[in-house]
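Lettered A, B, C and D in written order, each chain numbered from 1.
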Amino acid sequence: MNLEFQNFSSLPKYAFQNRYNEFEELKNQEPEAGAYPFDKMEEECGIFGLVSDENTDTFSLSQFGLFALQHRGQEACGITVGNDGKMYSIKDEGLVLDVFKTIENPETFMGNCVIGHTRYTTAGDKKKYNYQPFFAKNEYDQIILSIAHNGNLTNAKQLKKELEEEGVVFRATSDSEVILRLIQKNLDLGLRGAIKATMEKIEGAYSVVGVTRNKFFAFRDFNGIRPLVLGAIDEKTFVVASESCALDGVGAQYVRDILPGEIVYTSDNEEGLQSYLVKENCTNRICSFEYIYFARPDSMLEGINVHEVREKSGMKIWEQAPVEADVVIGVPDSGVPAAIGFAKASGIPFRPVLIKNRYIGRSFIIPSQEMREHYVNLKLNPIVSEIKDKRVVIIDDSIVRGTTSKRLVKILKKAGVKEIHFRSVSPPIIAPCFLGIDTPTKDDLISANMTKDELRDYLEVDSLEFLSVPNLQDILGSKNHCFGCFTEKYPVEKPVEEDLFQ
Amino acid sequence: MNLEFQNFSSLPKYAFQNRYNEFEELKNQEPEAGAYPFDKMEEECGIFGLVSDENTDTFSLSQFGLFALQHRGQEACGITVGNDGKMYSIKDEGLVLDVFKTIENPETFMGNCVIGHTRYTTAGDKKKYNYQPFFAKNEYDQIILSIAHNGNLTNAKQLKKELEEEGVVFRATSDSEVILRLIQKNLDLGLRGAIKATMEKIEGAYSVVGVTRNKFFAFRDFNGIRPLVLGAIDEKTFVVASESCALDGVGAQYVRDILPGEIVYTSDNEEGLQSYLVKENCTNRICSFEYIYFARPDSMLEGINVHEVREKSGMKIWEQAPVEADVVIGVPDSGVPAAIGFAKASGIPFRPVLIKNRYIGRSFIIPSQEMREHYVNLKLNPIVSEIKDKRVVIIDDSIVRGTTSKRLVKILKKAGVKEIHFRSVSPPIIAPCFLGIDTPTKDDLISANMTKDELRDYLEVDSLEFLSVPNLQDILGSKNHCFGCFTEKYPVEKPVEEDLFQ
Amino acid sequence: MNLEFQNFSSLPKYAFQNRYNEFEELKNQEPEAGAYPFDKMEEECGIFGLVSDENTDTFSLSQFGLFALQHRGQEACGITVGNDGKMYSIKDEGLVLDVFKTIENPETFMGNCVIGHTRYTTAGDKKKYNYQPFFAKNEYDQIILSIAHNGNLTNAKQLKKELEEEGVVFRATSDSEVILRLIQKNLDLGLRGAIKATMEKIEGAYSVVGVTRNKFFAFRDFNGIRPLVLGAIDEKTFVVASESCALDGVGAQYVRDILPGEIVYTSDNEEGLQSYLVKENCTNRICSFEYIYFARPDSMLEGINVHEVREKSGMKIWEQAPVEADVVIGVPDSGVPAAIGFAKASGIPFRPVLIKNRYIGRSFIIPSQEMREHYVNLKLNPIVSEIKDKRVVIIDDSIVRGTTSKRLVKILKKAGVKEIHFRSVSPPIIAPCFLGIDTPTKDDLISANMTKDELRDYLEVDSLEFLSVPNLQDILGSKNHCFGCFTEKYPVEKPVEEDLFQ
Amino acid sequence: MNLEFQNFSSLPKYAFQNRYNEFEELKNQEPEAGAYPFDKMEEECGIFGLVSDENTDTFSLSQFGLFALQHRGQEACGITVGNDGKMYSIKDEGLVLDVFKTIENPETFMGNCVIGHTRYTTAGDKKKYNYQPFFAKNEYDQIILSIAHNGNLTNAKQLKKELEEEGVVFRATSDSEVILRLIQKNLDLGLRGAIKATMEKIEGAYSVVGVTRNKFFAFRDFNGIRPLVLGAIDEKTFVVASESCALDGVGAQYVRDILPGEIVYTSDNEEGLQSYLVKENCTNRICSFEYIYFARPDSMLEGINVHEVREKSGMKIWEQAPVEADVVIGVPDSGVPAAIGFAKASGIPFRPVLIKNRYIGRSFIIPSQEMREHYVNLKLNPIVSEIKDKRVVIIDDSIVRGTTSKRLVKILKKAGVKEIHFRSVSPPIIAPCFLGIDTPTKDDLISANMTKDELRDYLEVDSLEFLSVPNLQDILGSKNHCFGCFTEKYPVEKPVEEDLFQ
């Protein structure tokens, strides 16, 4: 990595010192293992792009679009805008509204095309130079190309090695930069040609939006693993985003999902947004976990509403494993629609009695060991009177490590419930994802290590059931989607360990 | 060493300059009218106190307690701790977890008593020196007394004037400092005597927790307008907090609510927590709006669970004003329990189809005028398929300015609903609060300016109903509570305008 | 409003974090032994005070006065001003012009009296809370008394212990705070009475200026060890300062030196500046090293011009130890006047050929060991052509550790001089000072450990002479001055080691 | 100007905000006319370069070299180093020791070649992006070429326009960037070829040092207007610097001055430092003002010692204009050697009685108008006893605007001198410099607007004399040097006003 000191001089000295500390820190920075010890798979990234044929308020629209995708990543965000033939980029740690608030010259970010990214770390360590959008510059330090990527390449390491041998210099440690550098390297094939050449090289899951000085583009891998939808505000203003809720956020109409293997792009020669299929007739193998957990309930993915999938999963698991009980409760937020579906199908009343504290985000500082015990009820607190001495069905979207479920059971027991019937509306998670979801390794996946009965005993519940894979396929209306974490069969060849960019 | 550095010189120079700027800024600072233009009454403050007879982890416990009260104020927070005869205080802008995270010497804040405060501005302008806890110092710059206050005094201005004529120096502009200075001034009456003398002077709504170097105290006004509950972790460790959810947060058992006119305190002579009634047999006139909107659903206030009140209010308004409809929806979060109650009573299915973006908090920066129009669906987005062409009952906890309701109706219409039946599960708000709730003035209260029919037409809904005051009293089981914002009759004499500390 | 914010909360969060770090740092801070490894005794502190009977620009005048005293201390500076019955104080690390530049509200510092301090650490470690002026506050956090001190108490430790047993709280670790707290404690004796009581308690060297809310004062120890002069701008505006150059700096006329044992002060009852002798007929025993090294050449101390003393010392040492040579050079800056005197007396031409780099101040960062060798000529570089093959008399004001002299000889030899005749115009320094000068301990004083001949050989010079004590007394016209560092006989009893406040 | 935001993300948020403010500020920044209202021509820039055939401590050596050149510029400084095929650059506002102190990874700056720059603004406004060294990068954001320049081009504006028409992007507003971009553009001619092509294009005064990834170079304009000397530490380590005092600073032997029109450089094919004359037999026309005022007295320029020139000028003006007087004094620092020369020639004794405050650097903040009067004696204070009632010859190096001289006379009169005989040891300055010295315009040059007699009356002195041009030429041994400011005849054609890069 090259030190980039030329801008230091424009900083007040104290900022300068901070930056230096930063640098020193970065040099020694190791991936902070366990810094964010979630016992649940966490959100992946969200991407957003917009192109118009005239200058528009790309500042506000990208803010709205990324805000609507905030659930897909809260660590950092950024945008690159093309404004009158020049490109500007800004990115920083923080929530969308926080980062945009620091921009004091919004007019600089109002142009005719924009891409944005909201980030949760999946590949590449948590180093700050890995924030997106990535960009390439010319010899005069001007940005000429920028992309934002959601997904995970499976051959990034190999490609990076090849490129470096050709003299290409990398400035970050994320697989996404491989995509940037490949396009940059192939720009003499024309923009569409460069993207095509890139797609023919990279493997894995990728939904990408990008801009050059005067063009916009977006493309999706041949399996369509990560979502990417297309909308339009008017006949000249197009939007591409990870989920349709971002289209709602900018007042755009949903047009269709970008196809697996498709490039959409603007060009000098033709008006409007062009489409090009790098490969015809690809099968859509979108990640099923998007429906179960990641996507927002008001989003449509591949024409199917997420909320509806969740409600149906609750109905279906009642059919699959009925039980006598007094009350149904859901683990907020993603377990609630399923609980309502379960109640509807079973006639057992739904009670919204697990109260989630909304001010989570930062971790607690707990200096004394004994206090860690008190931690249990802080995020979820039950309304005791509604469940005391009752037979309770508790619905969660999934069971990953098992620790959250265990804690939940403890909370319910403390509240005096009579019976606990645990229902997961996804099948047992038995294998890690290497296509863009931050699943733990097999060792930490409890269903990869315990049978259902063992897990029931471990959780100390009266019954435990998982939605079956066929039932999930039935709800989604497809056996082609990626169910890799439940079946260990993936649409992409599983990479040798060392080729993963991690 | 005391944490309260008197020296500017101990700051790095740039901090110093910032501080100076700060000073300059403060000098010229006017209350930022409309800086946070909510169209809804917002949360008031939360207070928390804990005392033990030995050193405990007051750092963690106050963090947990304040975190559980975060919904009562997100602007700033702080704690004062008594540790081995010395007192330390820290307070800053930000959420509880953010502020505690900046504390690098947690051990300093581990002692035998602590008070904390989480703040939403009600009285006193938004100047930073108004953050709580307030404290008084001796001539050696050591803290000797500290309090945190929830509520609003109605004669603070007059009292401040009197005290200043006696030579007392005020350092902030909040009514809460009047309480501090009165106790400080009367300390030669003994602690209990000083509190009693203070309570006999101040008027209005006040729940207060406080500490001196070796004692803890809490007291509540003669009407018990703001809530204050007592709990115990063990027989020697007592907790006082605004709501019982904070007791859950620290693993304490609920004991009872502090009585109107009661002082609880520790003393040198007696073991444990003492109680003293400044006036006997006061009637409890707790704010009814706490149940409707402020308090967390899992809290118990005066023995009544908040969630239950809300669910009953939904059932009751169905009885009061039934309607034919296809679906019931609630405005998240506080309208949802009522919607579920309404569904239960009416048999019309409840659908959780208004999706709230959880990353609100900062305001949007919207440079271009036209973009402000796009703003509508960003906070609440409906699942269109669930309500399109349906007759919808929409339940909200209250209607204050009417702008939120208006926007909501617009969202529903855009989603294609057939009919809209709006139900507010509180009576019309016709008068401002001057006892601790940040209600707008009468001019901005839409129900003070429109009849129900006018409002129905303004909102463009098919029907509109408010829960009646008698029905609300029925649910709460009391006609004595404060219903001032619905009736303009208050438990405390309405102050002349200029005497309000604003 | 008082400038002394008690609230952390009024700082932007990052400042706050810095402050906290600061605090943590301070807690663990050890005196940084050898952080400023001078091989020369360094300047002590400078103090300045001004009082007028009406509001004047105390901001500018104290800036000018302290700027003229900058040579007495460059680590930090500060002022306390009385402005319309209120007191404001500011102090920070840095040079006078730097610190004053950061003050954004100069009008706050314009009043009728001011004291200031420019600091080089002598007693108390280098912790930042030891910056002066010191001040005491009342219970409302308002400053009521402030002092600035030059000198060193010899019984501070004992006094501090006594005061703490009486309940007095100290906030710093400097002997100067003992003076502050003693006056504060005795304020009920009236201001003059409190100062008198303080002077009767403290022992050692002290020149002090101070202010209360409406009064000004200054006093000097019974031996007058540290200088203190009185001047007047007009008949109502008086100035007290360490040296007369500060009077010149503010356009004041020199009146006289403050007497040993004298208090000058303003009072409510009498107009103008009052004088009071705590003890009559004290002998003036001012530090002789002030003339030799510390004071500015344009200053008058006790009626004698410093430059003149230095020039005479050069003439005298020629008489005392004549030598044949081709050229006389002086070590800048304090050796130059003596060199000119030597030239005048001897007829040997003076050449200004040692060029001093004026941008010294910060230390060099030298990562590689070998480079430390190159360090020699950076501060002093000779004009080789003027001294090559010449017999050179080199005059320095003193020889302390010997390392500077050794390095100087090396520079001269490298330049090709034929002979070196070294002359120190002070006697051999054989004993440390404990009265306000930062002399090294006896172990590091080279003349306490080597005879003149040994030192001559160590320095590798052709001859070496020191001005004799009688000759120095002759020049100063007094045998009463303090010559402790040359004779080990002090005007104050030498304290037991542990009673020194270090 | 292109916004360079990619690094923002690596800053803590507050730094980020500061940077933004910075950016905003820069956008609106106008040259701060009169921000530093010197009444004297100020120092120009200093440059330094070093090359070795192996890795050496270029960090320390460039620090030492620039420190020795600090008198040539105190606003900012920076270095670019070539370390193992990679290049790193750092630059910031501040003195050399301050800026180097902030570097926390000195090892990064230890390589085989380095260039450095210490800056006083001459051309280009005071914007921070104009700090040097300048550098060019490749498309991977890596530095590939860097230069530091002392002097002033006279056709920079025209060249910049031409280059921009060819598509070259400029990132700063200094004439020095034109040199960088021309070399960069011509790199396919080889390094020497590119420099030659550049020298054939640019006109004016330029001494330049530079580095590429593996080569070092330095060159000087065809008149040799700004100084540039060559030295050697050993047979493989060469140093190039503005003045020979920097050679002393790094322990290098003076070799010779770089010739007018010469390039020295390293190459892949040959060992050691190569020399190439772009034009043969150029006449050396070095700036005579370097000897009079700019250069350090211990420097040798073109084989002549600066101190010697100054002393001779004092002797010469005695010959030219003798006077009866009691005492000779010099204005520190550059007037002192001349005063000593005058004393030597005349027999009138020299007295070092003007005491200069060494802590100047920052400007005073003087809020009240009346206080500006007091300002007089702060920088220079006389020892009154030495000059009172005396006939004084006062020697200064030059008279530029006349305000300093006027103030000086005022100081002397206040001290009671009987007669003042003013001597300037440079001729009258009648024309501005456009070749690298920050002279005021003709309107502000007092000798361009007053005859000697008028000026004598204006200054209110008893006699006034300037060293004549022939006498100066005699001392310097050359009529070829640049005497433009005294004669208005320049070695370079005077540019049309608008072509100057200002």
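One rule holds in what follows: a contact is a pair of C-beta atoms (placed from the backbone, for glycine too) under 8 Å apart; a residue touches a chain by one contact, two chains touch by 3 or more.
Protein names from UniProt, one per chain: A, B, C, D = Amidophosphoribosyltransferase.
All values derive from a computational prediction rather than experimental measurement.
Note on connectivity: the fewest chain-to-chain touch steps from subunit B to subunit D number 2. Looking at subunit A and subunit D, not one chain touches each of them. Compared on C-beta pairs in contact, B-C and C-D come out with C-D as the pair having more. Farthest chain from subunit A, judged by C-alpha centroids: C. Per-chain Cα centroids separate subunit A from subunit C by 65 Å. Computed centre separation for the pair subunit C/subunit D is 35 angstrom, with centres defined by C-alpha atoms. Between subunit B and subunit C, the centres computed from C-alpha atoms are 57 Å apart. The set of subunit C residues touching two or more other chains comprises 12-14, 103.
Taken pairwise by the contact criterion, the protein chains form one closed cycle in which every chain touches exactly two others. Contacting chain pairs (ordered by label): A-B, A-D, B-C, C-D.
Across the complex, subunit B meets subunit A through its residues 12-14, 57, 59-61, 63-64, 67-68, 70-71, 74, 95-98, 100-101, 103, 106-107, 110, 245, 248-251, 296-298, 305, 307-308, 336-337, 340, 344, 349-353, 355, 357-368, 370-371, 373-375, 377-378, 381-383, 385-386. Listing the residues of subunit B that touch subunit C in their complex gives 1-24, 26-27, 76, 78, 90-94, 102-105, 128-129, 131, 135-142, 168-169, 171.
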